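Dropping the structures in below, format is structure tokens.
What follows is a pair of complexes built around chain A, which joins chain B in one and chain C in the other.
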Partner chain A sequence: MTALPKSENLSLTVNGKPVAMPVPQGVSMQEFLHEWLGLTGARMGCGQGICNACTVMVEEPGKLPREVRTCITGAHWFEGKTIRTVEGHARQNADGSLTLSPVQQAFVEGFAFQCGYCTPGFVTAATVLIERLKAAPVPREAVERVVTEALDPHICRCTGYVRYHAAVRDLVLATPGLVTA
Partner chain B sequence: MRKPLIALAGLAVGGAALAGLVFSGALNRSVVSSKVETPLTAEQIKQLAPHGAKVAAAADCYACHTARGGAPWAGGMPFETPFGVIHATNISPSPEGIGGWSRAAFHRALRDGIAPGGRHLYPAMPYTSYRGMSEGDVDALFAYMTTRAPMPVANAKNGLAFPFDQRWTLAAWNFLHLPASVAEPDPERSALWNRGRYVTEALGHCGECHTPRDLTQGLRQSQALTGAVIEGLEAPDITPTGLTRMGFSPASLATFMGSGLSAQGSATHQMFDVVHFSTRHMDRADLTAMAAYLFDRDALAEEAPPAPPTPAPVAADVTARAEKTYAGLCAGCHGAKGEGIPHVSVPMRGNASLRTASASGFVRAVLAGLPAQSFPNGERMEAMPGFAADLDDAAIVDLTNWMRAEWGGQAPTVRAQDVASVRATLTTRHAAGE
Partner chain C sequence: MEASTPNLSRRGFLRGSAAAGIAIKVSLLRGTPAEARLVEAAPGPGWIAGGKPRTRLDAVAKVTGAKTFTRDYRARDIAGWPDIQAHAFLIAATKADRRFEGLDLSSFGEGLQPDRLVLHEDLVKDGLAVPPHPDFFGDRFLVPAGETPRLLGQPVALLIYHDYPRYAAAKRAVRFNEDVVRYGETTAYATPAHYGATRWVRIEGDGPEGDDRFSPYRDAPIFSGFKGDEPAWPAAGTDGPFARGMAAADAIAAEIAAAGDDALVLKRSYVSQSVDASAMEADNGNVWYDADTGTLHLMMATQGPYEVAEQAAALVKASRFPVSAIDLKAGTTVGYGTKDHHLHPLLCILAGLYGGGRPVRLANDRFEQFQNGLKRHSFTMDTTLMIDRASGRFRAMTGRYVCDGGGRPNFSMSVSFVGATAAQSIYYLPKSDFQAVALASRAVEAGSTRGYGTLQTMSATEMLVDEAAELLGRDAIELRLANVFRSGQRNSQGAVPAGALRNDEILEKAAAHPLWRERQAKKAAFEAKNPGKRYGVGFAQVHKDYGTGAEAALASLEIDPQGRLTLRHVAHEMGPGVTTSQAVMVGEILGRVPETTEFGVVRWPQMPLETEDQPYTTPQADEDRLSKNPRWTPRFTSPMSATNSAYYLGHATRSAARILRDHALWPAARSLWGRGFGGGSLASYHTMRADELRLADGKVSGAGLPPLTLEAVAAEAQRLGLPVGVTLHTFNRWQWTEGEFELPGTGRTRLPIDALALRYGAGASAERQALMTTGGWHFVERSAVFYPPTQRNNVGTTYYAPMATLAEVAVDTGSGTVTILSHHSILECGRQIVPELVSGQIQGGLAMGIGHALKEFLPLYEGGPGDGTWNWNRYELPRSKDVAVWNQTVEILPPLSETDPPKGIAEVVMIAVVPALANAVAHAIGHRFHSLPIRPEHIREVLA
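== the complex of A and B ==
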């Protein structure tokens, strides 16, 4: 019989809330989010770092946010980090209702997703892109390219790429400060 | 005051003598026989072309003479050399390429390094190796190349500094480095070994990367195949000692060359292109002969693979830090115990990249990642992300030393400057973790 893996304390900030608990070594971030925190939005697709349905945002002070694949990254790698999962994008109002993030709203309005399985990854990618454009706007003619580059690693088995792309492009063009004059 | 004058005069006399020798043709030592002055008939060309396809694959002509994304055989692939950039030329049968070349001209370019009009080829074209090719194989290659589609693509201009842009000076280089005669089969050795030598040395030109070069960029034949540095990465030692060190047996080496994959991992960096464009298309018999020659065997028998490496001792604090990094960033694909995932990612336990003398290839993969790669029979390895933005040099030193010690059996001797020198070769996109 193999011994159970040793647990180690893991502390990080998830969707604005501090989290601290013992977690066995070798647990993936995906498992940790699903099984320990009950946050099942970061999806298990390929489990091999290819489809990007499992990505979350890592937000470090003074640095641009990054997308990280949780299926191939160990939970303890996130020690001390601040992350945002798809559950952390919409704002909860005082009356309990939700206000979607601009990216989520754009996806709804653009009928961007079909079955929705890959959507959390696309929300993460588009949000990271918009945060990066706020820091470093691009010329209008570069928008198609940067949107393509940001969404390219994400696989959608319904092949809904065109609407995802159009929704993000339109949002970038409509949001002040993301495109240089 | 007089000495510099004398030295200068000596230099001038020497230079004039060299130029005289060059232009007199005394340095030209052709190995091409007058037999090839007779053109091949259309029927002969048709018959020879299929064998020529095999020669072209074994000699890996395509990898250099086709720019990535460019027209087949139309050249344009750039090569960074210590003297400037050289572009591979168009070798399709168009006016820009070898269209109109005679059989004899093709032989002289391939084996003497001299193109029509007496133009010297740069030794980036491995004519010093191809010099050993048989007349029959060169004829077959000529037949194959002249029956490809002509590509009207102009040759790119080279960016060589003076005096390296003076092609006539290569006559002197050839005098130093072009063997006067061609190796004859060794009657003391088996047909298998002799075929292996021909495939390895003449066709495969393995020594062009795996043999170190001297100051004038000639191959140091006394250190043949003992490994060299190409574009900042190690082309490892492929002598019997070096191959055994990487964990290869003759059989697994032949498998590796034919498929790009074996228990020792996958062909990576420049070696992936060698497998992809050349060795995977070679006959199994030739791969076996190559393995026999590289292991210096006259015959191959069933034999057990070399014993797995014995872990080398490594400091406890290094292990603790490296295990954290490995569990966080590597284990998801390469497995908690370095076992890998079939069809996705290679095993790291026993991986050849952890056993070579230099860790440069491994460090480069950690920093810059690797693209997804296709191998024969539908086999595929997925892309590896680069970790240049996630891991600093100290973290990579720990990870490399621990993995090399634990799974490669190598003493933990990698230092921060080893990682820094590989990091210095990365592009800005790699460095940003993109």
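== the complex of A and C ==
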């Protein structure tokens, strides 16, 4: 017999803001973001960790950011952690305008997406890749390979992937310090 | 023309008129203006650079994760809705050979019992039946107690929870739980009657361009009922079109049977599997029934918001739930056709009606989407091609195309004949006999899905022709060229396609491509260098129809005294970029993109049109009578489907821009140029013609006259009281409707539209101002209208866009894995509007076709998606590593002229790669598969 889930307190930092509230056990991080916080950018695709439309960045001091699938990870696993969802990548300016992150800007200028449902996952994956390359640049000839490895877990049904990959490749090649001489 | 036949539409869905008495309002979801800007940016200054848009209009919203999809919205996010949200899910039958006896929710415990449980018997008691008639969505939403489900995955109950935690816990408890649904005795299947059979027979008369001896267009397609699982075709004879058509079919069969050694008669059978389009956003909706005001508020993921609103009205009409108004909002969504006329919105409405005043959200998870989402039809196809050995010319082709529609009718019948009428692919056929058969079964319902039957049939033809070339010892592209369908020739329905057919150009380019020319040498070199691997190159070319044969649209364009443009359009965004491209079209004609755009507009008070919405079935005499009413139109608007945005919806935009140019900007510019002594600078150039006017970069010029700013010209148009606002309605039945209108100051003018409303500038005379009484506009009642004859309904299609793909593969003989090394495609799409969007469509279509050819597979019946256990862990979708992401190229034929219209390409781009891959595998391993997908286990079996 299934019991009514009990709640436990959950505290974490989401897009730079502290969040604390009771959350039922068994609730996934994706459900928590959608139903409790109203942040729906980490999208429900499969609920099985297959398509990666739901990923967010976990940021820890002194470590490279990680990409975590929220549909198969319980909300309470994030206790005490700091995460960045797709809603937290662009900077809100004083006049209300947005300054997109370099990855977001590359996707916009590259007409990278169509329906856009999977875009948040691609933003997350590409941002994690860029941060990784800042710490460990790769040779120019390896760029396409590392872009593919970083983005391949993400399923897109509209674009055929080409413009996403090309946008990230071009961004990597144009950003100083990501490619070794 | 002899008597016609039942519903011949591609999408012959008969919309009910049950909306009478219920006010319907449909809108794209927008709360405050600020929220609206989040979803869709205004084009604004600087958006266009060098004639090209810098971004999609919805780009920033999508890349920042803004709430753009219907699925992103809860009641608290929607202005005017209560700040509470209930949730619902369906429990479905996973057996279709047992009686449904009831539910056992004891495993839920007391804490997880639903706040409201809805069963079939509740719906009956409350007067809620499937609208508008049972031959589209079936006869029952939920399985009645004691009856056998019609199909696998049919829901048996709807459970509503007032809070999320209990809903989520209950849903987890029911997933994969086979004890929740109680079944009784084993019974026969309870599938509906088969959905329909048609036959498309043509025998040419005096050559490809001459009058046919028999054809569907000239005579009629043949319809039949069923005897068991077989169509009961009429007897051959001379009395009536069906009998004569059957006689023509018999003649073709006899000729094939009597073929001598001078002909190759190739008979092959093919299977195309059932596929889930796997749109990333699963079906969902949120419904609030406000009993106090009698308003049904809907938030729906749908490609056809109008249809959903009308179906909602029909659903509640005879129920115990009084509804005086329906307020439907639609967010961005994506469906690849599967959100066009799907049942899910109606299930959402049921949930909302039983919400006790709470908004109720019914949102599929992926397992549920597999279980109840529309599928691409599985086809079994028996084909015969008779070829003259000496010339390589096709003498005749026959095919029997049988699709499995699953347990609800939906569009299965039209999918079957759209598929059959596409089967000729890019070839001219002197004689053809194509049977289209739509069967009912216990499979999950299939419906409108990208390709619409043509992917299946044209893939079969392209595999068949490729094999024929091998058997004849001819180059496969050379054989295609010998038979290519050329401009002015008739298709298998007997109609002449629109415009130029450029399949031959594409074939010649493909034949010259290194992938094709060097394939044998590369095969030898690759296989020598890579032991255990086989190399192959495959080619295929198809052309795909676009549109439905009843395409209707509305658009409105206004220019203010500062020269700023406002575009309002009935189209809404599905992903391909329709909002961006429509804005660009305005810029191409008026030299300036709109400052303000509004899409998904459904309130058109200036267009008081009347329609029965029976564009396919209204007899000619009735249409002649009805069209005398200047407010009548065959159809008000079309769903976002059938690849209809660039050409059909764009026609409304382009027509509005041209009318504004010709009837406001042109006379205003002449007025300004004519100012001054003796007729000003125009006096010596007074013979300037309208076609010499140039509008570019916000300037008005031409014929050597001094450039004017658009602002100045717009202000002059206002001062003169010219028509500075244009709203129009368009209708296409494989041909554009034209209307004649008495335009103030111009006189009778023929335009490619059937309804027009104008708004005059502030300087208009009092008499002209007084005309603007219809929502503030002058609805110009047409003086005459010329609808394409209803016989055009028989043509199947006349608008085609072609694409070819060359695919290069390596087959691992140990694992059976097919690796795509590269692919090259050649497309003809008329004039591109936004090349970046076109290339994205091509790349996305190719990926989807690769999935169909090599990966995606669903069992139709037991063990298939109806059992609720399917997800993307076992249903394999193509990823970037599967599509040769860095090794694909595309060539797009330049338009024949700058006035070529854009063609619809959203479907054709995914098709050619499917048979190209099958043909590549055949080249690689020497075995031709006739069943899709070609998965590693199939290859291992062949190579074992």
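Definition applied: the second predicted complex is superposed on the first by the 176 of 181 C-alpha atoms of A that agree within 3 Å, B and C clash if a C-alpha of one lies under 4 Å from a C-alpha of the other, contacts with A are read in each partner's own complex, and residues count from 1 in each chain.
The definition used in the following text is that a contact is a pair of C-beta atoms (placed from the backbone, for glycine too) under 8 Å apart; a residue touches a chain by one contact, two chains touch by 3 or more.
On a predicted model such as this, the values are computed, not experimentally measured, just so you know.
Visitor: Looking at the overlay, does A:Cys158 come into contact with chain B only (first), chain C only (second), both, or neither?
Guide: The second partner, chain C, only.
Visitor: Who does A:Glu35 touch here: chain B (first), chain C (second), both, or neither?
Guide: Once the two structures are laid over each other on A, A:Glu35 reaches chain C alone.
Visitor: More chain A residues touched by chain B or by chain C?
Guide: Answer, by number of touched residues of chain A: C.
Visitor: Quick check for you: in the superposed arrangement, does A:Phe113 touch first (chain B), second (chain C), both or neither?
Guide: In the superposition, A:Phe113 contacts chain C only.
Visitor: Which partner does A:Gly26 contact after superposing on A: first (chain B), second (chain C), both, neither?
Guide: both
Visitor: If you stack the two complexes on chain A, which partner ends up touching A:Ile50: first (chain B), second (chain C), both, or neither?
Guide: In the superposed model, A:Ile50 contacts both chain B and chain C.
Visitor: Check whether A:Glu144 is in contact with chain B, with chain C, with both or with neither, and answer first, second, both or neither.
Guide: second
Visitor: For A:Thr73 in the superposed arrangement: first (chain B), second (chain C), both or neither?
Guide: first
Visitor: Where on chain A do the contacts from chain B and from chain C line up?
Guide: Looking at chain A, the two contact sets intersect at 26, 48, 50.
Visitor: What part of chain A is in contact with chain B in the complex they form?
Guide: Result: residues 25-26, 28, 48-50, 66, 71-74, 76-77 of chain A touch chain B.
Visitor: Could you pull out which chain A residues touch chain C in their complex?
Guide: These residues of chain A touch chain C: 1-5, 7, 24, 26-27, 31, 35, 38-48, 50-51, 53, 85-87, 89-90, 98, 100, 104, 107-109, 111, 113-120, 123, 144, 148, 151-163, 165.
Visitor: Okay, in this complex, where on chain C does chain A touch?
Guide: 54-56, 58-69, 71-72, 74, 76-77, 106-109, 111-112, 164-166, 168-170, 172-173, 277-282, 332-334, 336, 365-367, 574-577, 836-837, 839-848, 871-873, 877, 879-881, 883, 885-886, 888
Visitor: Which of the residues in chain B come into contact with chain A in the complex?
Guide: Residue positions touching the partner: 324, 327-329, 331-333, 336, 341, 344-345, 382-383, 385, 389, 433.
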